[in-house]
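Two complexes come next, and they have one chain in common, chain A, joined by chain B in the first and chain C in the second.
Coming up: the complex of A and B.
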């Protein structure tokens, strides 16, 4: 046999051995997973009723579960079940669960785990602390907003939202512009979790000291959280902020808040702003505000070559009442700019009227 | 003569080793990504994306041509997606079967007015637009058929009104949370302009009300081999490319794009059959030239189930089209090839597709006549040739089994032992006959590209999903 053929034989033997090893490893993994799943289901089936009857008691004692839940696997299963239920329960049941986790030392352990070297451990710890609404962990969670791992930072931001502490808003807004930033989508949801109490710190977020991202998000969230007191600052942002995304967000927020004095600045933005997105947001906001005060601006916008703007103007004109609907009907009967949008809006009205 | 044959043998072996090593490298890289994804899934907070009113809306675009068997199940599944704000736009491309009638009856469609601006070019005239009488977020656009899949998609892009658009095949079923997961990269990273999701073969699996409730290996070997192919190429191959920052193909069966970026590049190319890959290549080319910081990502778990061809004839048509499309895409974007200005796309991805995907069948198939001629002339040492083939075969099998192992260690969608056994056997069967036939189809597709044959939808016979009553 030549050296080349010997080489081939050796390669073939090596590949065959690898194939057998791979097949065996796959089969063993599958068998082990199935066995582990069955064991886990068995333990959970024993622990779940104990936990549920514990929750049903009037004055439950956290230590009474110790008799039922014995062994490491059962303890872990109890903690997993309790942590899983935290996100689903409200009111007294939730507080009972929080006390149970606290009594078992799980929450203190989670605070310590925020310093673990592995990012998965840190993120899971943040997740649990947030789900439990454990306010004592505010410093740890704020620190994790600057973690080197993006998933840990996001988990910390979500957890801060679940704590529902308004004092966390500046840190959350600051995390948008940090070198290690938190995604805007995560920060917005966290602040929405905090609720209307976040409005005051959000109004400060409109200041030009903050980045465009932070200002746009502050404006958007003020609209969602009903920041009536910030209407003046939103009007100011609509008229003078250098970034169009901030002006557009301010317009949408004013539409949601529904303060009548925002109609003239919105109409001015609709007529004069250079940005298409700001004009579209202003048209939508005027529709939300209703009434006929924005009629002239919306009439002009209906004839815009920008389809999206014309469509929003057509929808907004409906909220101007009979005057707006009559204009749409007249426009729809022509081939003028805005007529397709008028027909589309009227077409949507017809089934509703029927 | 003998030395020419020997040299060619070594060239083919080297090519096989390089090709399979490439696959193995991608599988290895993908396995790291998949492992990371699995470890972090518990705190990925997809529910937050669902609850967030500021999550960007998605227009789901479905191009439907002669899809009467599966269209209602597909649209049902799409309307049941868990996502805060979305609309489903079905563009019925002048079907000759009852596709529209099925939709009309199932969703109580009525004619409606809808402004469809011409932001990206289209060919076929829009005939009418329809929506359900209720508030279901569905729009059906009927248009003239032009024989091109990209045309109805472009009509859908024009009709879309959400900032993100998701392109889905009419014969595909998305899992309920698929959209939440495939949109997550857009929320996590504002640089993301496109994401692709995993496509798996639904043949043989149990489908109830537009959802795959149990993944089962299909009965026919030709379908089983495709299950394995999809696993190796679509799940792990693309995850690997994504990890390397050089993802060139997002399947037309399930991809999400920023609509404004798609409009910037002019929508889908109307004159190629590889319109999905062409769109991604155009996005890369456009954003690289504009020196914009962007990302194209692949998400390993938002599953889109599709019905793969169940006969050799239908599969052959599909693979010829894919190969022709690949040739067209590589030709259209030849300026990017080996061009450092286009980064890893120009230096790694495009050359890989040229050397191993497009001209691969020429190398693979040319070996067969040369061995026969060599044998006839007495230049082939039979025991040596058998050893030679066994090594190439074994390495290919090892790559396929590695893909299966990664699937079993991570997602393990197929729960039954017999499915695992069938997949292992499919990995063996794939190398005996199927691989050669597949190369032949790809070669035909390459020939069509060289001849400049015109693009068309192609006739894909469907069996429909296995939906118990």
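Coming up: the complex of A and C.
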């Protein structure tokens, strides 16, 4: 009985000691965190007004802040403040801030931070390099597209978009098919951010060396960015790409770009392609091109037993203008194939016209 | 010395504009939401107001509309600052009575030119 009691007391003492140790460890961690936060706030209180005052000047000297930004803590504070400000500025003040970051070595630090063990540090470094438009960091950001962390890969893709250099396009397209892929939406937005200069590398993205996803996105983006120089490549993709999503994207792109020589291949796709989605995309594109050049194909598509295609052809004929509407009205007055779709489309037009 | 009221819930923008405007010789007051911004406009009678669109409590256009409805503030020049840069947004901004419109991200130098021009016109 005495042995049991002494064993119980020993266990109680051990548990109490453990609880005291845990409480102490928690208190020490809390105190350390509070001390770090206070230090951070102190450093920021010195760096922030100096940075804002610097930005308020017309032609500031990038080394003006050398005295304030001393030590790692101040450098990190400047990096955080500048990263926030960069996204809110444009014009000369933005360039002033970029020059300051460069002169203070913050951007080179960020390049090194792309190799930090923690994903948050790598993602933040990518964000800053992108926001600063620091082209010298292209290799680091390209490397981060294959990072093991998905958030870092997405941050790198967004940052490459912000650099706005067309040479980033192949790596962005390649990241769609990698084992550690970047989501298509992120890649698409990044390339759109690069703008019309992305058209040339996007045209190369139509090559069969790339995956179907990369080819389809290349085609879609060429349409959005108005890559008229790539019309020939898009026509080729429309006629010969093995994947229907690529042919459909090429058809939509040709409709958006509006090059007249794309009418015959679009009509051919409308009449002969085996895929319903490609036929529908071709019908829409012919409507976007307007005029009467695609009438023969659209009239045939209006009579198609495929209701969705006939509807798309009817809508496209409306987009072609008064002659297209007249053709729909004539068809609607009959019992021929296509007349229900013609009536349906005209019915939708009437309330709008009213 | 012209008095300018900056109303924006983004501390970075508020502080940056404060420094820039003060450096240019203006008297600057700041507020961080629409409601306190409106109260400050009534009390301070500023010569110009820089007004963010998206703010807690009262949005920029709502503040602008109320300013225009009150005799004391009806003619104070207002510049709307906003990330909403679509054509319809710009139209909506002007419809509330704003005198000018700056899309974010913005150029502080361009904004300063617009402030000077508006103040010179409202003289």
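Here, the second predicted complex is superposed on the first by the 243 of 354 C-alpha atoms of A that agree within 3 Å, B and C clash if a C-alpha of one lies under 4 Å from a C-alpha of the other, contacts with A are read in each partner's own complex, and residues count from 1 in each chain.
Here is the rule we go by: a residue touches a chain if its C-beta (ideal position, glycine included) is under 8 Å from a C-beta of that chain, and two chains touch if they have at least 3 such contacts.
If you're wondering where the values come from, they're calculated on a predicted model, not measured in any experiment.
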Touching partner for A:89 - first (chain B), second (chain C), both, neither: second
Chain B versus chain C as contact partner of A:349, first or second or both or neither: neither
Partner with the higher number of touched chain A residues, chain C or chain B: B
Chain B versus chain C as contact partner of A:56, first or second or both or neither: second
Partner chain in contact with A:333 - chain B first, chain C second, else both or neither: neither
First (chain B), second (chain C), both or neither touched by A:296: neither
Partner chain(s) touched by A:48 [first = chain B, second = chain C, both, neither]: second
Residues of chain A contacting chain B in one complex and chain C in the other: none
Chain A partner contacts - residues on chain C that touch it in the complex: 10, 12-13, 15-16, 18-20, 22-23, 104-110
Touching residues on chain B, where the partner in the complex is chain A: 39-40, 42-45, 48-49, 51-55, 110, 112-115, 117, 133, 161, 187-190, 383-384, 387-388, 390-391, 394-395, 397-398, 401-402, 404-405, 408-409, 412, 417, 420, 424
Complex contacts: residues of chain A adjacent to chain B: 4-5, 8-9, 11-12, 15-16, 18-19, 22-23, 25-27, 29-30, 33, 120, 123-124, 126-127, 150-151, 154-155, 158, 183-186, 188-189, 192, 220, 224, 307-308, 311, 340-341, 343-344, 346-348, 351
Chain C contact footprint on chain A (complex, rising order): 48-49, 52-53, 55-57, 81, 84-85, 87-94
